[in-house]
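Both complexes below contain chain A, partnered by chain B and then by chain C.
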Partner chain A sequence: MSLELKNVEKKVGIDTHIHPTSLKLEKNTINVLLGSTLAGKTTLMQIMAGLDKPTSGEIWFDGKNVTGMKVQKRNCSMVYQQFINYPNYTVYENIASPLAITGVKDDEIKQRVGKVAELLKLSAMLNKKPDELSGGQQQRTALARALVKDSDLILLDEPLANLDFKLREELREELPKLFEDRDCIVVYATTEPSDALMIGGNTATLLEGKVIQYGKTLEVYNKPENLISAKVFSDPPMNIAEITKRGDNCKFTDNNVQWKSSAKIKDGTYKIGIRPHNITTYKEGNNSVEINGKVQISELSGSESLIHFTNGNLNWVSLSNGTQQKNVGEDTKLYMNTDEFLYFDQNNRLVNNG
Partner chain B sequence: MNKTINQKAWYFVIPVFVLVAFNAAIPLMTVVNYSFQETFGNNVFAWEGTRWFKQILLSERFHASLGRQFTFTFIILLIQIPLGIAIALTMPKKGWGVPVCLILMSMPLLIPWNVVGAMWNIFALPDIGFLGHSLNAMGFDYNFTQQPGDAWFTTILMDVWHWTSLVVLLSYAGLNSIQPAYYQAAEIDGASRWATFRYIELPKMKKVLTLAILLRFMDSFMIYTEPFVLTGGGPGNTTAFLSIDLVKMALGQFDLGPAAAMSLIYFFIVLLVCWVFYNLMMKNEAQS
Partner chain C sequence: MKKYKWLVPTLYIIFLMLPIYWLINMSFKTTTEIINTYSLWPQKFTTENYVKIFTDSTWYMGYINSITYTVFNTVISVAAALPAAYAFSRYKFLGDKHLFFWLLTNRMAPPAVFALPFFQFYSSVNLFDTHIAVALSHCLFNIPLAVWILEGFMSAVPKELDETAYVDGYSFGRFFFKIFVPTIAAGIGITMFFCFMFSWVELLLAKTLTATAAKPIAATMTRTASTSGYELGLLAAAGTLTIIPGAIVIYFVKNYIAKGFAMGRV
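== the complex of A and B ==
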């Protein structure tokens, strides 16, 4: 079982919502679509589900061409950002609804709903209506409706975006477990890189209707094919600066910070990407270099400190562990872990991927 | 906190008091005044207690017009609410059709009520009116000025034409506020069109429909101008709804006492029905 998009393109009027995309999702995998709003995540999912038809290209499922096949005939389910449940059905009736429509027997419905409700901790509220539940419980109900069906394809469109922080964390931890021993393909759309990292599986980075990179989540994170993919998969935003390399010596174009690089790349000018957590107020790794900065913004979140600073003409974002109290306007020293630098060539392709 | 005391602020409130007094409280008190007394003109009043109220409540004439009123309101609600929802469901949701439909729908609502009455009067005239003439040409014996059934038919048709739009516009607004994801979820479940309507659209429209029913109830229960111009309450008294009957009693016969008592009873009926209806709807709301 696999879901394959072959050169799928979606145009609406003169706007291209999805540029020709090919993607193959395998059975028993969780696949994260990572991209900002309007990147085309929802459109792509609707095409996968059959809610929307591609302008050109084909969709193959399980070795069969299902392009244009209606959503009712495919065995899929979807969970949305908004908590979508039938308003005047109870939680039980809501979860049972996909089964009842397809004519499953009452005994079996009861048993399956009970099982899913337990999994999602809804057993105590089966007789309540969605309005009486908290946001988290409403979304659990929607998830239960998606799970009860034994779908081949489960689509989750930013399911945690409307939940408050604590509920989001809680449900995010549970999600991968829910799909563990299911015979299905899960697609999970999100705007947040941390979601992708926590869920694991595979990730596709998206920008403006294009799939930039698809692969194992950690690989995409550690070895982004190109600068765009690296930017999409970085939060807080990645620092990007131009450097020149001569022999082992590297130097930023805009300041005098120098370091030795073991990267096996030719001499020349490159762009480097530095994730904020690789610039810290303390030394990390064996090959760190010092950089001076004037503090612009300092945000403490308890376990982490986000410091924005300037060095010459460049703005930098750093993320350190613990509470690092800095005052705005203060001159400070920070350290960059040069082992974690990502080098991109003039075509924005990653070059130190060895 | 220290409150500043400034009695001059009353000057800003007084105009509202005066206005409300003139257009609500004083006329209402006049009616209350008349309803408990007998008047012979020249400002001579005699105390009558609850006599007029008893007289009205026991009068067959009042029972008959109240019955006609409830029948009329019931029929038009029964037609306008489902028809309004049905039209709203078929209206386009995007594109150039939206403004066209909205403008067409608002038209009847913008026409002055007596003009609506006059229009339909001429439209339905059996000899020269388009509707009346056509019906007769088709072999129907139609004459709304002489046959009670035809008079009712025409009055109801006129009200449906005039006011269904309101229900349409409210339902349309309610439908448009439903997120597309709901329809997609239903589609994925394989829900039928009817199930989608019954379990998504109808519950989501509940609030605007409550409002639509309340508005249409109050308006139709107090209807005066249109039937007055169309049929004048006739033939006989067959389309004399409460307000028409009331005006006949007050101004035609100059029975001010009974007319005042009837106004108050009328007012309390409207209030009571609205209160009961609203509470029933809200009680359901609290449960769900």
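== the complex of A and C ==
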């Protein structure tokens, strides 16, 4: 069982929403679609579900071409960012509806709904209407409805985006467990790189309707094929600078900071990508190098400190652990962990990952 | 100042209620008393006017006729407007915005404009003096209104609800009637209220298109003089009874109307 998109393209009028895309999602995997808003995540999911038809290209499921097949005939379920439930049905009826519609017997419905409700901690609310529930419970109901039938394909479109921070953390931990022993393909769309890392599985990075890279989540994170994929998979935004390399010596084009690199690449000019957490107010790793910065903004979140600083033309972000109080305008020293640098050539292709 | 803050609303309500009070007041008087004396409440209390209305078929049939075509009209308007409003709220098609606005402009023409063509047309297709003729003619302004109100309520429902239902396996029809219609029940309630109200108070078309068999109460009522001279008490009683259906309907949909105002489409 697998879901395969073959050169799928979606155009609306003169706008291209999805550029020709080929993707193969395997059975029993969680696949994250990672990209900012308008990257085409939702469109792609709607095409996968059959809610929308691609302008060209084919969709194959389980060795069959399902391109024009109606959404009702496909065995999939979907959870949206908004908490979508049937407002006139109780929680029980909501969860039961996909089963009832296919004519499953009442006893079996009762048993299956009970099981799913327990899994999602909804047992006490089965007789309530969705609008009597909190946001988190409403989304759990929607998730329960998606899980109750044995779907081949479960699509989750930013399911946690409208929840408050605590609930999001909680549900995000539970989610991968829910899908563990199910025979299905899960697709999870999100704008947050941390979601992708937490969920694991596979990740596809998307930008402006193009799938940039698809692979195992950690691999995509550690070895982004190119600068775009690296940028998509980095929050806070990745710091980028131009460097020149002579022998073992690397040097920023814009200032005099230099370091030794063991990267097996030819001499020349490169672009370098540094994730914010690799620039810190303290030394990290064996090969850290100092950089001066003028503090622009400093944001403290309790366990982490985000410091925006400038150095010449560079306008960078650093992320340190703990509370690192810095005043705006202050000149400060920061340390970059050169082992974690990503080197890209002039065509933005990754040539070395530290 | 604070002590007198009840004053303005009280005066306002008194002025509002005065004509209604006077109408009810008159309905319990005899015509002689109305014409000859000035009294703030009935000197000689009588229910004779009401008895006459409920026993004389020329009177009570007026109410039955009015209610009949009003109910017909409400059902037809909502039934026609539901799919139309759904299309406007969910689909994009060539000229959709213009068509939507054009619908509303139908309400801008005075009904008198349509009285003659309607009269001639319904006569020629043998529908003159039937309830359905009046009900259909009132669709002229009620369907656009219903589409306009319902579209607002439907657009407030995220289209993801439709998609979720399809993904769950609902066919369009089943989704529409089992999930979508109950979801916008408040909107349908308000729409029915407005259709009922506008059809109930409309006089010109109803009067033009009927003679005897489907004659509305308002037409009966405006016949001020009868063989026995002026019957002001009787007319007042008929007027009082005409207000009642509206008041009942308002009582039932008052919560929905508040909701509708909050959503900004009423």
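The rule we apply is simple: the second predicted complex is superposed on the first by the 352 of 354 C-alpha atoms of A that agree within 3 Å, B and C clash if a C-alpha of one lies under 4 Å from a C-alpha of the other, contacts with A are read in each partner's own complex, and residues count from 1 in each chain.
Keep in mind that, in the parts below, a residue touches a chain if its C-beta (ideal position, glycine included) is under 8 Å from a C-beta of that chain, and two chains touch if they have at least 3 such contacts.
Fair warning: this is a prediction, and the values are worked out from it, not measured in the lab.
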Partners on chain A (chain B, chain C) - clash or fit: clash
Partner chain in contact with A:Ile101 - chain B first, chain C second, else both or neither: both
Contacts of A:Leu119 with chain B and chain C, given as first, second, both or neither: neither
Contacts of A:Ile84 with chain B and chain C, given as first, second, both or neither: both
Partner chain(s) touched by A:Asp131 [first = chain B, second = chain C, both, neither]: first
Contact residues common to both interfaces of chain A (with chain B and with chain C): 46, 49, 51, 71-72, 76-78, 80, 82, 84, 86-89, 97-98, 101-102, 145
Of chain A, residues touching chain C in the complex: 46, 49, 51, 71-72, 76-78, 80, 82, 84, 86-89, 97-98, 101-102, 142, 145, 149, 155
Footprint of chain A on chain C - complex, ascending: 158, 160-161, 163-171, 174, 179, 182-183, 185
Touching residues on chain A, where the partner in the complex is chain B: 46, 49, 51, 71-72, 76-78, 80-82, 84, 86-89, 97-98, 101-102, 129, 131, 145
Chain B to chain A touching residues, read off their complex: 179, 181-182, 184-185, 187-191, 195, 199-200, 203-204, 288
